[in-house]
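Please see the structure below; I have some questions.
Letters A, B, C, D and E mark the chains as written, and numbering starts fresh at 1 in each.
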Amino acid sequence: MYMNNYVIVAIFIGLGIFLPVAALTIGRILRPSKPVYEKLTTYESGNEPVGVGQVRFNIRYYLFALMFVIFDVETVFLYPWAVAYKQLGLFALVEMLIFVSLLVVGLIYAWRKKVLQWTSL
Amino acid sequence: MEQQGLQLSDLYTLAPELTLVIAAIVISLIDLFIPKQVNRSLLGWLTLASIIVSGVFVSLQIGPTSLIDPANPESGELLNLLGGSYRVDNFANLLKLILLGSTGLIILMSIGSVKEEDIPHKGEFYYFFLPAVLGAMITASSGDLITLFVGLELLSITSYIMVGMRKKDHKSNEGAFKYAILGAVSSATILYGMSFLYGMSGSTNLMAINAALQQADPSFSALIYVSFFLLLAGFGFKIAAAPFHNWAPDVYQGAPTPVTAFLAVVSKAAGFAILFRVMYGVFYGNSGTPEHPIGEDAFFSLSVLAAIAMIIGNVTALRQKNAKRLLAYSGIANAGYLLVPIATQFSLVHYTNFSEFAYYLLAYALMNIGAFAVLLIIERSTGSSEIRGYAGLYYRAPWTAAAMVLLILSLAGIPVTGGFFGKLFILMGTLQNQTYWLAAIMLATSVVSYYFYFSIIRQMFMRSDESSPIRTTPTLGITIWICTIGTVAMGAYPQGVLGWIQDMFKLTRDLFIG
Amino acid sequence: MSGSIAPYLTLGAILFCIGLYGALSKKNAVIVLLSVELMLNAVNLNLVAFSKLGVNPSLTGQIFSLFTITVAAAEVAVGIALLISLFRNKGTVDVNEMDSMKH
Amino acid sequence: MENLLNEQLSWWNFGVFSFWAVVLLVIVLGYVTYAIYFERKILGWMQLRHGPTRTGPLGLLQTVADVAKLLIKEDTIPRKAEQTLFKLAPIIMFIPSFVVLATIPYTSSWFFADLNVGMLYYAALSGISTIGVVLGGWASNNKYALLGGMRSAAQMISYEVPLVISVTGVIMMSGSLNMRTIVAAQEGAFWHWNFLPQIVGFIVFIIAAVSELNRTPFDLPEAESELVAGYHVEYSGFRFAFYMLGEYVYTFAIACLTTVLFLGGWHAPLPFLDFIPGIIWYLLKFTLVVFFLIWLRGTLPRVRIDQLMSLGWKVLLPLSLVNVIITAVVIELTK
Amino acid sequence: MLANIPILSMIAFSPLLGVLVLLFMPKSQGRWIKVIGIATTLIPLVLATWLYIDFNQQSNNLQYGEHYDWINVPLNKDVPNLEQYGFTSYYLKFSYSLAVDGLSLPMVFLTALIATMAALASVYIKKRWKLYFILFLLLEVGMFGVFMSQDLFLFFVFFEATLIPTFFLVGIWGYMNKEKAANKFLLYNGLGSAVMLLAFLILVVTAGFSQVQDQASSSIYFSGNLGDIVTNLFTPDSAVNAGGEGNPFYMSGNLKWAVFILLLIAFGIKLPILPFHTWMLKVHMEAPPSIVMIHSGILLKMGAYGLIRFGILLFPAEAKEWAFVLALLGLINIVYGAILAFVQKDFKLVLAYSSISHMGVVLLGIAAFNQIGMEGAVFQMVSHGLISALMFLLVGSIYERTQTTQLDKLGGLAGSVPFMSGILLVAGMASLGLPGLSGFVGEFLAFLGLFGSMKVVTVVSALGIILAAVYVLRAVLRITYGPINEAHRSIRDARLIEAIPMITLVAFIILLGVYPAIVSQHLQQTVNGFDQFIQQVTSMKTGG
């Protein structure tokens, strides 16, 4: 049955949740808990922490995130095409060439705009 | 599902779109690889050239036989492109000409007029118009919900970016972000409505949906209403019709002026194209049967929407001090006017609502682009888009002021201009269908609009502070005069354009699919 | 497969409403973007449910949802890019502070 | 398994599924325990030292002792941390690493879920782990952790793209996303296995996979010398253990995936070797991949972050796209 | 003699010659600009005089007709199965169609005359003569067109064409609150034209159709042609009158009433009928004298003209039913205008309110629904045009010298400017309806006509007219006699360029007073025709 496969997935998810929960619960029973002020301080190599931890970080991380979103979503179109490729004609190849070349243009664009360069910003 | 691949012979049919795609790619690559010192106006001219080429392709295809399959013209069979999801009919071709023409004028007015410090990426500024107008063209041509949606989003997403093109200006950022968020919400609303249409018909083809809805189970009528109102809300946003208009003034104000013109004209036109298609492709013909009353109600809702847009647009415009916001509200009001012919259905004596619509759309495009071009001159000289900036324009640039007067007369709907005849034809349509209340609202709000349109004239003629002449760039001047002469010509000889539209457009072929 | 479509549609409607509420009322722009995403996913849920359990089940719905996912991604990508640019200029992501153009 | 999957769902079936899932979990945990042990041993040999020797015979209980230590270690949560997210992050990291295993087949009859979208399922779920990493880094409210988390996220998403695209060639060859079908399509001697026809894809896949696992030479998120310990600097005790666990379960998963996608799964390298059961071949290939991963760690230095990013976007991504095109053209020509 | 040349177009568009010349004149040539501006207005005056003489008084038909197709839009070609409804195509036709009859002719002449006088009076304009004269001449074109158009659409276009130049003329060259006045003018009149357009378009899409039969096809024209509309409206078995709700061309009784009331409002605003009069006060206050001359002399008459031409003649049954309402409105105008004129402190406002009062007389004449009343109404229009033009010319000249129009700051001008004071006295006498001057004739005829049907209204209105004597005399005597303001002692009397229009206008006022036939003989046949027509169609049962 089609559904059974997903029952298995569900079981895996259940186990995946169960293990950490169980382990952490057991750990809570076993482990000591003696919080002192110093122990709960944010770790900064032994120095007094300065400022907040959640600082503004570099823009490049966002740019990579954007790039990822764009390219990863394109694979959503590549996969069905790849699955059906053998049944499709020459035109599927042409269409995919167009599609991939558009992707490549996007990549070139990002490249020339120095988005891919970690130190550019 | 029967899916039909694209044939090589279809490439000619798709030439206008393909031109734009290729041009967009090539020009962007050129922009990437030519050195920084090269003047980016070159890209502007290239963009303009590609728009013109695309327009030529459209005009080669437009004609009374445009939908006949070119592969075997004798058969007289209709061209079935991509399983009916893409329709190159004259409805689409006419709108495409308007869309391309407007975009061409907007690009023309931007070349050499946009300030470097304002827009850092001038190259992108030019060629981003290409995917945007491509999206608009796809929308106009689509016969399928998916195509329609993709086209709409191509247009919308590109527009978000174009609005935010002034990276350093926080008004531009703010406008762009608002536009993006609300645009996404409206897209989601449209999609949600579409999902119900799909659910009730099992197809995304407009014609199939129409057929399915007519045979649908009576218990679905609630769902039909839900989907209709979701679509209406979403499209209402895209065309900036009140009460879904709140984004427009902020976005218009924030965007660079040529982009504002683009939003006001091309985006809006594309929204109307879909609305027209969907209303007549999906909901029209569902009236009459007691189980499916949606047809009448749908068109009545459109009338109400039109009335609200006219009233709110014109009344709120009265308070504006910024010319861009004023034109935004004027655009909202005009959305109302343009909705009227769509809401006015066909009847025996009234079969022309598409030509009324297309005529006014063309007039609207010309007069608005002209007005924005004048505004660009004002912005260049005064640095702001306040209405005060127009003060004494007649003494500083008399010819520009004269053109502006003609454009304003057209916007206000005073004879003998294109805007006047556009409204006149729309009015006649409503009166022929005996929707007197709508006609009355349309006229009354037009009179209200005199006040704020003429406030610009008052500034130009009655408040003079200085008489130092203002210089215009040649491209701006050409744009303004093309628009002005076009507007006046449409007024002096309306049957030229209208008759041509009537010749091209065949109701049964171009609107009722199949 | 048999089964009722009602639960899917209900879930879709709930998601859509939550998303709409969030998009229109939340202060933080990031949450607003997330809410929009929620709305689009409600649509996907609808489409996929209809493609399996609709009046005329067909694959089109799933294809449609692929397009929706892609477009949603592009939309959010642009939204975030604009938000970053706004944040750089104004130093806030609070939607309520985006009011520099009031009349 | 196959028969059970095709029956009507009942409590009995459910019980059987659950039982085997628990068995797999136990196996995986055992694998992790001894993978760490062997990693240390092998690294030791490579660096001419002994590795763990003390705990148990040959140090076999070393990892067990480590786990026990982690279990009873105090679990400190920094005052400034976002409590809920801080607790949640390691779990989010761990769950998908285990859940992806559901779709992996071991032999033609030993498998769990027979999903027809198996590869997509894997790609989709494995992406979730990134969230666990970023959340952990962010919730710690620590600059090192945040930077480590961000770097890790950037790296993982950058290499996710070539990873999934490199698999496209395999999918085209077999015409399916189903893992079993993919293996079945590699029926025959080793030159039928995908790693030879898909050599470009294979190389891209392996490099991207190593990077996805945050392993040397791509272990920048945990670079001790730059970031103290990366995103889990504030974690201790069993929460830390789950990050580690997640990473090692991923090595399991990636090793399996490599075997399935490129190394012919349970097929014997030469037809006359068929008498040896498929599971043995599978395990051999699996072990080979795991060994390869450890070997890399022993030999290669760490790359710089800008090199890392350049490699991913400027080399691997174009390569993987080229691979797609070449595969498509070749398939078209040989049809 | 004139029948073979397009005399009407020549009159209407001859001012454009001046515009053309002026466009290419440099701004600095102020003197020549004025000369050309004034000279240009003489061309239509000469042609109009010729036309006036040439006009065939014995005919009640439209004369000198010119007809060209202008807008001819095919409305549709592809209605499915159009043939089954009996026609194959339909068109929208608006034509360029001019003609005059006895009603239009005096108006055309008046326009030409007053335009020339106003152009002479433009000496008070101090700046931007070029733009001023261009707009002025455009305004003149619009006014001629309004009185000549025989097509609803053309009428509307010309009607609007008067709007825009007036807006500019008031807004640029007016006094203190010029912009406010221009706005108010624009909005009220814009509303008026919008209402008019609504009424016209309803007429076009219902009564405006006519069917044309070719060999094989028959097509329908929608047109704004007044003749077609009249024919359709008063043919008992036309689609407008016959047929029920299903017929798209059918005008129900309610619709007819609605259109009539819309027309009444539209022209009532221009006239102005009482609740819509405020804009007109502002314009009279703020506009430059020459423009007020045009405005008060002609633009207000366009309202009355339109009311007669379209309101009364297209909907005689409805109008006749409302005769009492019309009379009452006229009465209110007369009395209200008179009373308020009496209490004003500003001479301009006195005149403005007196205009309201006098336009009431026009309404009364119309409400009489007989030949005498109608003649009175038209006569009053002409006469008031002359008188008010003269009055405002004087106001302008006085303001020019004294910088005020406040009654309590003026006085004793008879001593310092005897010529102007004399003219002012004559104008005052004419205004209050002294026999022998033109004002008397119109009022007398209007009352005479109305007396037969509505005695009470007539009597009360006549009392209102007596008030006119009071307020006119009060104002005029206050200015000419009494203590003089010391500052005004040394002002100079009228220059030649001011004296010419004053004398001309006085001459015409006297001429009309002593020899009214000069107007009424042109009028008689036409008005007689109207009367017969109204009698005929109201006795006929039409509509629902």
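In the analysis below, a residue touches a chain if its C-beta (ideal position, glycine included) is under 8 Å from a C-beta of that chain, and two chains touch if they have at least 3 such contacts.
Nothing here was measured: the structure is a model prediction, and the numbers come from that model.
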Check: Remove subunit A from the picture; does the complex fall into separate groups, and which?
Finding: B, C, E | D
Note to self: With a step meaning a move to a chain it touches, how many steps does the shortest path from subunit C to subunit D take?
What the structure shows: 2
Margin query: Contact counts by the stated rule: is the higher one at A-D or B-C?
Written below: A-D
Margin query: Taking each chain's centre as the mean of its C-alpha atoms, which one ends up farthest from the centre of subunit D?
Written below: E
Next item on the list: When you average C-alpha coordinates per chain, which one falls nearest the overall C-alpha average? Tell me, please.
Entry: B
Next item on the list: Averaging only over C-alpha atoms, locate the centres of subunit B and subunit C and give their separation in whole Å.
Entry: 25
Next item on the list: Would you kindly tell me how far, in whole Å, the mean C-alpha position of subunit E lies from that of subunit A?
Entry: 79
Check: Between subunit A and subunit C, what is the separation of their C-alpha centroids in Å?
Finding: 20
Item checked: Whole-Å gap between the CA centroids of subunit B and subunit E -> 42
Notebook entry, point to check: Where does subunit A touch two or more other chains at once, residue-wise?
Noted result: 65
Note to self: For subunit D, give me the residues that contact two or more of the other chains.
What the structure shows: none
Note to self: According to the definition already given, which pairs of chains are in contact?
What the structure shows: A-B, A-C, A-D, B-C, B-E
Check: Once bound in the complex, which stretches of subunit C touch subunit B?
Finding: 5, 12, 16, 19-20, 23-24, 29, 32-33, 36, 39-40, 42-43, 46-47, 49-50, 54-61, 63-64, 67-68, 71-72, 74-76, 78-79, 81-83, 85-86, 89-90, 98, 100-101, 103
Check: Touching subunit B in the complex: which residues of subunit E?
Finding: 71-80, 85, 90, 92, 156-157, 160-161, 163-164, 167-168, 171-172, 178-179, 182-183, 186-187, 190-191, 194-195, 197-198, 201-202, 204-205, 222, 248-249, 258
Check: What does subunit A use to touch subunit C in their complex?
Finding: 2, 59, 62, 65-66, 69-70, 73-74, 76-77, 80
Check: Residues of subunit B touching subunit E in their complex?
Finding: 347-349, 351-352, 409, 414-416, 424-425, 427-428, 431-432, 434, 436, 439-440, 443-444, 446-447, 450-451, 454, 457-458, 461-462, 494-495, 498-499, 502-503, 506-508
Notebook entry, point to check: Inside the complex, what are the residues of subunit B that reach subunit C?
Noted result: 1, 145-146, 149-150, 153, 156-157, 160-161, 164, 167-171, 173-178, 180-181, 183-185, 187-189, 191-192, 194-196, 198-204, 212, 216, 249-250, 253-254, 319-322, 325
